[in-house]
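Shared between the two complexes below is chain A, which has chain B as its partner in the first and chain C in the second.
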Partner chain A sequence: MSEKLLDLDTAPHTPPQHRADPTSSSPVVAISGLEVKLTRNGKTETVLHSLDLDIQKGEVLGLVGQSGSGKSVLGLTLMGLLPDRSRPEITGSVSVCGTSVIGASARSMRNLRRNSLGVIFQDPMTSLNPTMTIGHQVLEAAGTKAEALRLLALAGISNPETRYDAFPHQLSGGLRQRVMIAMAVAGSPALIIADEPTTALDVTVQRQVLDLLRELKSQLHCSVLMVTHDLGVAGEISDRIAVMSAGRLVEIGPAATILSSPKHEYTRALLASRISLDTDKSLPLPTFNLGGDEPTVASDEVFDTFVQPPVDAPLSVDVTNVSKTFSVRGKKGANTLRALHDVSLAIADGESVAIVGESGSGKSTLLRIIAGLETADAGVGSISRMKGSRPQMVFQDAGASLTPWLRVDEILRERLVLENVPSSEFAERISESLALVGLGPEILRVHSRDLSGGQRQRVALARAAIVPPSILLCDEPTSALDAWMAATVINLLRRLRKRVGMSMLFVTHDLSVARVIADRIVVMNKGEIVEIGEANQIIHNPQNEYTKKLVAAIPDLTFAEELAS
Partner chain B sequence: MTAATLVPERMRLARGLGGRLSSEMLSWFCIGLFALVCLIVVFAPLIAPYDPIQPIGAPYTPPFTSKYILGTDSIGRDVLSRLIYGVQSTWPLGILVVVIGIAIGGAVGAIAGVVGGWLDNLLMRVTDLFLALPAALVAIAIVAFLGPGTTNMLIGISIVWWPYFARIVRGEVHSLAARPHVEAARMTGVGRRRIATRHILPGVVPTLVVLASIDIGSAILTISSLSFLGLGTPPPAAELGADAAHNAGFLLQAWWVPVIPGLGVLVLTIVANLAGSGVRNLMLRR
Partner chain C sequence: MLKFIARRLLSLVIILLVLTFLLFLMQTYSPIDPVRAILGEKANAAALAALRAKMGLDDPLYVQYFHYLGGLLHGDLGVSYRSRQPVIDDLKAFVPATLELGIAGMVIAVILGVIFALTTLSRSKPLALFRGFILTGAAAPTFLLGVLGVILFYKTLGWLPASGRSSESGHGPTRFLLIDDILAGNITGFFDAIHHLILPALCIAIGPSLVIGRVFASSLRSTLDYDYVRTAQAKGLTGSQVVGRHVIRNASSPVLSLVGLQIGAMFAGALVVENIFSWPGLGLYMSGAIGASDFPAISAITLILGAGYILVNAAVDILQGVIDPRLRVA
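Right, the complex of A and B next:
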């Protein structure tokens, strides 16, 4: 480590060499026979297997795969930034812009990163220094203030002069990602590595960032390695798509071909598991078990595509004229932030409703008020308890919703005790609920902190289902999961609803998920409900301008199919 | 097949030495030192070669010149034996101060954090009051008021020792209370008391263990300071701080008499701090 730090300032600033020969046809990245072994928790695993891959000059390569497929490891290998503590062992050959990465000295890797590489990370908030103005940070990469301003403007930041002195926390997520992009394109790098650059962004902002990347690519003639789990995102800007699974490259080809006629079964599975606006609502979502430990859900179930509650159905949730403001302490004293303004919503018994909206739309606040975790400033929110037990909630981070030091059986029992279930029924109820979510009884003895991510999701669902709740409140339960897990969780939720007949309120930013899971969709914007309607009608025939914008922003594969045909 | 790595040979070697496994062993080694001192405390009468109170040889015998390995003091008592008994009196006191501090501070912080409202305000303002006072001076004042002696010193230091723990515990309780698992417990219908005892307080324990283990060193330092000022057990009892103070005047003639108990304090503090870091490293790894 010390060696890396020592000659930080003394390293000569060699001019970029890739610009010398623009007509050169040699690939920017040439990987052959790459094998990477990493040591985690004392176990050495081969994370990348005999990988061959080229990225041509000016090409955008989409690298797609599930989490754990090794796609991020590949990006880190190219940058020479694999963490020392996982003791990387790399064999094969990797050359980036003519520099052989394997066995390169710390100094030559640094020069390579400085002169030829640009990086965009998933979360611009954690990748930007919170104590430095964004201007200062771009200046570090750009060299001169004029160049920094030019880059900020290039990245689509309006009024770069005034924004120059802003700190990261003063910018929205989309603007922050633009700052990252401005830093990445500084010095016109030969290759930009973008690791899930739009995953943390709202759909409309994601759309803008994708447009920007496509525009920059044509202006700067640089190559881009676009690492993403979303085939839709990859399809939007990639020339070619490479699909990775379990550390192997399973398929590579022109984007349109991969999306329209995939050859490998994994790619087909990846495509099929993608929840789109045309997914069949009546069937369980396809889940594929390719080497994972997650059991699949029986596929012979049929779900109702739309439940029209009778007009006189009792209400499960009745919210009238609810408002909520938060006070935010800023530089200029306390500001108030209007989270909800005069919102009314009624959910009939047995109905499933999804609330969609972008971050800051107030959808989570509404859910938390209904759950009783937050109190409204004005208006009434009530949950009927006449049927079944108290409401249950599935949190975005299901793992964090389980008390880490309790065992699974303690967690499940606690709820049984509180719902006054006779103790003679405990064993039966517990084994039933575990079977419902596809877990074995051996999990009961495990502390929840030792469960895997997927197991935690299931235990959280089992806790909610062990006594059927009057209503199940879900706060973005799928947004942190990749397509497979999301599909599994959605199937479980729908199965639960079918078995138990409970109502459901589902908060999500993903319209495709909302359509599959809900009978009705509520669209929220800036603390107000802008449109309520039957799910398919909202998606395929939106009335409100904002809803139209949301629907249009969803990355879709249909254009790729058009291209191919 | 040519095996090559991104890391130069020299760094790989350093990583091997300072890697995960050896760092874990180092932590256990430090905790082992702590245990060793505890053994010395328990078996002091067996280890000490002579009686620490009675003169047994010529005064001012220098170290390593006679059968009195670390020499003798102004009235001919064995310095090594006094060192061992000094450790025996100081070490448990340091641990006890921290245990009492945790008991009081932990209780105050837990009650303030869990109950909240006016009680939280009251307890925390009292805590602030204690934190605002210079701890060592207040401890000295209390002991001076109660009179010198081990018990009074323990009382004096304990009174100023807890506010720090109260602060930390309250903060931990607040941060745990905002976690989703507590909200999930609320949604399940768990009562306030049970949320506190089952879903919040067990999470504070690891933090407390780490803090306590790191704090023992500074407790020992404070105890020795008070003892140095003559507020500990009166002579002729063997105490590290007092022994260093009584013989400070002979520093030029017989340096070993005041320096050796001083070094004893230094070593005890270092051992306590190393063990604290060891405990922290091992707990963080979990």
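Right, the complex of A and C next:
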């Protein structure tokens, strides 16, 4: 990046030279024999292997794969934005809108990006400059203020004039992503590269953004490269789907064909591991990790299906009429934000309950109050400590909750000491808990910073279960994970619950995950519980309008199957 | 934004009150008896008691404090034991010289620091040489820099003067030579003052410039890794546009707070440098005052330096709010 950043070239506004010619039928992107090597931590690895791929004019290509499959690297290669730090070595041939990307000058790549490409990244919060008004950020791509306002309106932002001077942190996640989209469509690009554009969004917002993308695509007649780990998302928007695994293209074809009759084993695995609203709850989720970690829950292990706990069952969580307001200082002085309003929830001993809702619904606040990390303004929350140790939490980023310089045995020991377990039991407890999460004893000497992502999650779970807690509180533990990593974690959680007999409270924005993991589902909206009931009941026969909206917003493969038939 | 500034100013007033109160306590409980210091060792008891009563030293402590505060508001910092004239008059003569030196030093430190940081983005050899020069300079103690500077630029090369603020005598209305000379249209005087300023200002600037440069460089590097920088590149902006519009502003917040903190180190350096270059500023005044146990003078200098430090850091807080809209609500 260093030299490139300091070259003082002068002409960013050169007229478009590579705008796709509507009459020509040459593909917008033509890749053949592409190989990309990157150097990370001193190791040079081939990240993309002999890749051949075309994107036709006006086509939406879904690029699907696990994290680490190389799909994002491909997107960055097309833009010429692979970080210099990882010293990319690119061979083969890549042509984007008529520009040969390999060996192109910095200036011609810049012109390509300015005139022919639009980009949407995953997290609109971090992808927008926090100290620049959104208007100015769109202006940089649009050229004139009038055009910037038109683009903001085109991206579905109401009152663009008043929003023009807003900073990113003053907008909701959905609006921020619309700002990204407004920038991406500036100058009518021939190709939009969307890298996981909906992954960081709530389901209802994801639905809106997908609709918007589809609409803009047909208005602008551009091509779209949709990079996503979610086959459901890819299926909703793509004409063709390309499946990548470990840097190779394993399968490509019409979206409906790929989804309904996949040929490659990897695609089938990817489809099977997708948790849908019809997944069989009584069996472990299928996990096909081609990356190396073996499945840890035998596929014939059976999980108990829902049994209504008796009315007089002892409660492990009892929350009555809890309210919580936060004071937030905004533009017009102090405001109060009602995070929870008069919420009551009881969880029976051994029961598993999921709280679902969108961001801002109050689900995490409720969990934090139950965990004792937050105090309620009104009402009573109590956790029974009759049995087991204090409650344990599993966080979204389990890796970050392990102290990096401690070894695994030190991490596990720490809790045993805290819970006053006699030291004679240490060795046995440690080996038991490792076995429970499918790790071998050799891992004990490893520092947590050297663990892989999957191992970290398991160590975090082993730590939580080494002294069985009265209740395990989980805050979105699967939302940052790939489908099969999520499946592995869910299987482990369900196994832990079965073996150890603890209750579980699971906060998630994903209804399909909630249905699989929980006996009962609690739906929250704007700080209130709007619906509560048996998991399948909530999903297949929702009563509340808001719940219906949530269920309807989930991208589902049935959509593509209908298209195919 | 106005509300944010008002809140910052309010906390500024409170901190200043705490500072004056601490100074007042120090003064009250210091082993030096102000009455004896003024009248001398041989004064008789009646004269001592009379002056004590006249100075209000028999009043309750809180009354004394309010008198002290009221005095401060009217610019009354007491009478110097040494010069027998109001401390405020002494300060009027010495503070502008130190301020001029300090501000010039800070400007140079920031400019050198920013250049230092920006050169780390490039791999060119001459720029690395520049960084090595700053590193070496910052490793040397200020007094050594001063002495070496005098030997090299005054004695050997004869490029720069070795002492004083100016070759001319007398002063204008503000006592800031650069400003006075501009007001008087005195071009030769202006450049003469700059000529005198360069070496001492450079001496106090080099240390802080390295600190600023280092922090700014690491801040720049981490800012370059942010997603929004990639977004800016994806728009097709040029390298200098990306750095100029998206990187520098976001990278400068930690540097600003550092500049505020470095002001302290800077003035400490100024006190040393003034002695080397016979710069008629607070440093010279203070070494005299300490030698003579001139408590009102010492306390006034402490107040001025402390208040200056607090004011600069309040200004830094406000500037950070200007730079980063997310901080304005706090």
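In the analysis below, the second predicted complex is superposed on the first by the 546 of 565 C-alpha atoms of A that agree within 3 Å, B and C clash if a C-alpha of one lies under 4 Å from a C-alpha of the other, contacts with A are read in each partner's own complex, and residues count from 1 in each chain.
As a working rule, a residue touches a chain if its C-beta (ideal position, glycine included) is under 8 Å from a C-beta of that chain, and two chains touch if they have at least 3 such contacts.
Since the model is a prediction, treat every value here as computed from it, not as a measurement.
Residue contacts after overlaying the shared chain place A:I538 against neither chain B nor chain C. By the touch criterion defined above, A:R415 reaches chain B but does not reach chain C. Contacts of A:V353 after superposition on the shared chain: neither chain B nor chain C is touched.
Contacts of A:L78 after superposition on the shared chain: neither chain B nor chain C is touched.
When both complexes are overlaid on chain A, the residue A:V317 reaches neither chain B nor chain C. After overlaying the two complexes on the shared chain, residue contacts for A:I471 are found with neither chain B nor chain C. Using the contact criterion defined above for the overlaid structures, shared-chain residue A:A518 touches neither chain B nor chain C, since it reaches no partner. The residues of chain A shared by its contacts with chain B and with chain C are 1, 3, 106. Chain A makes touch with chain C in their complex at residues 1-10, 12, 79, 81, 106, 110-115, 117, 119, 121, 123, 126-132, 140-141, 167, 169, 180, 183, 186, 328-331, 333. Chain A contributes residues 1, 3, 42, 80, 82, 84-85, 87-91, 101-106, 109, 371-373, 390-393, 395, 397, 400-406, 414-415, 418-419, 460, 463 to its touches with chain B in the complex.
On chain B, the positions that touch chain A within their shared complex are 1-8, 10-11, 15, 19-20, 179-190, 198-199, 202-203. Of all the residues in chain C, the ones that touch chain A in their complex are 3, 118, 121-123, 224, 226-228, 230-243, 245-246, 249-250, 323-326, 329-330.
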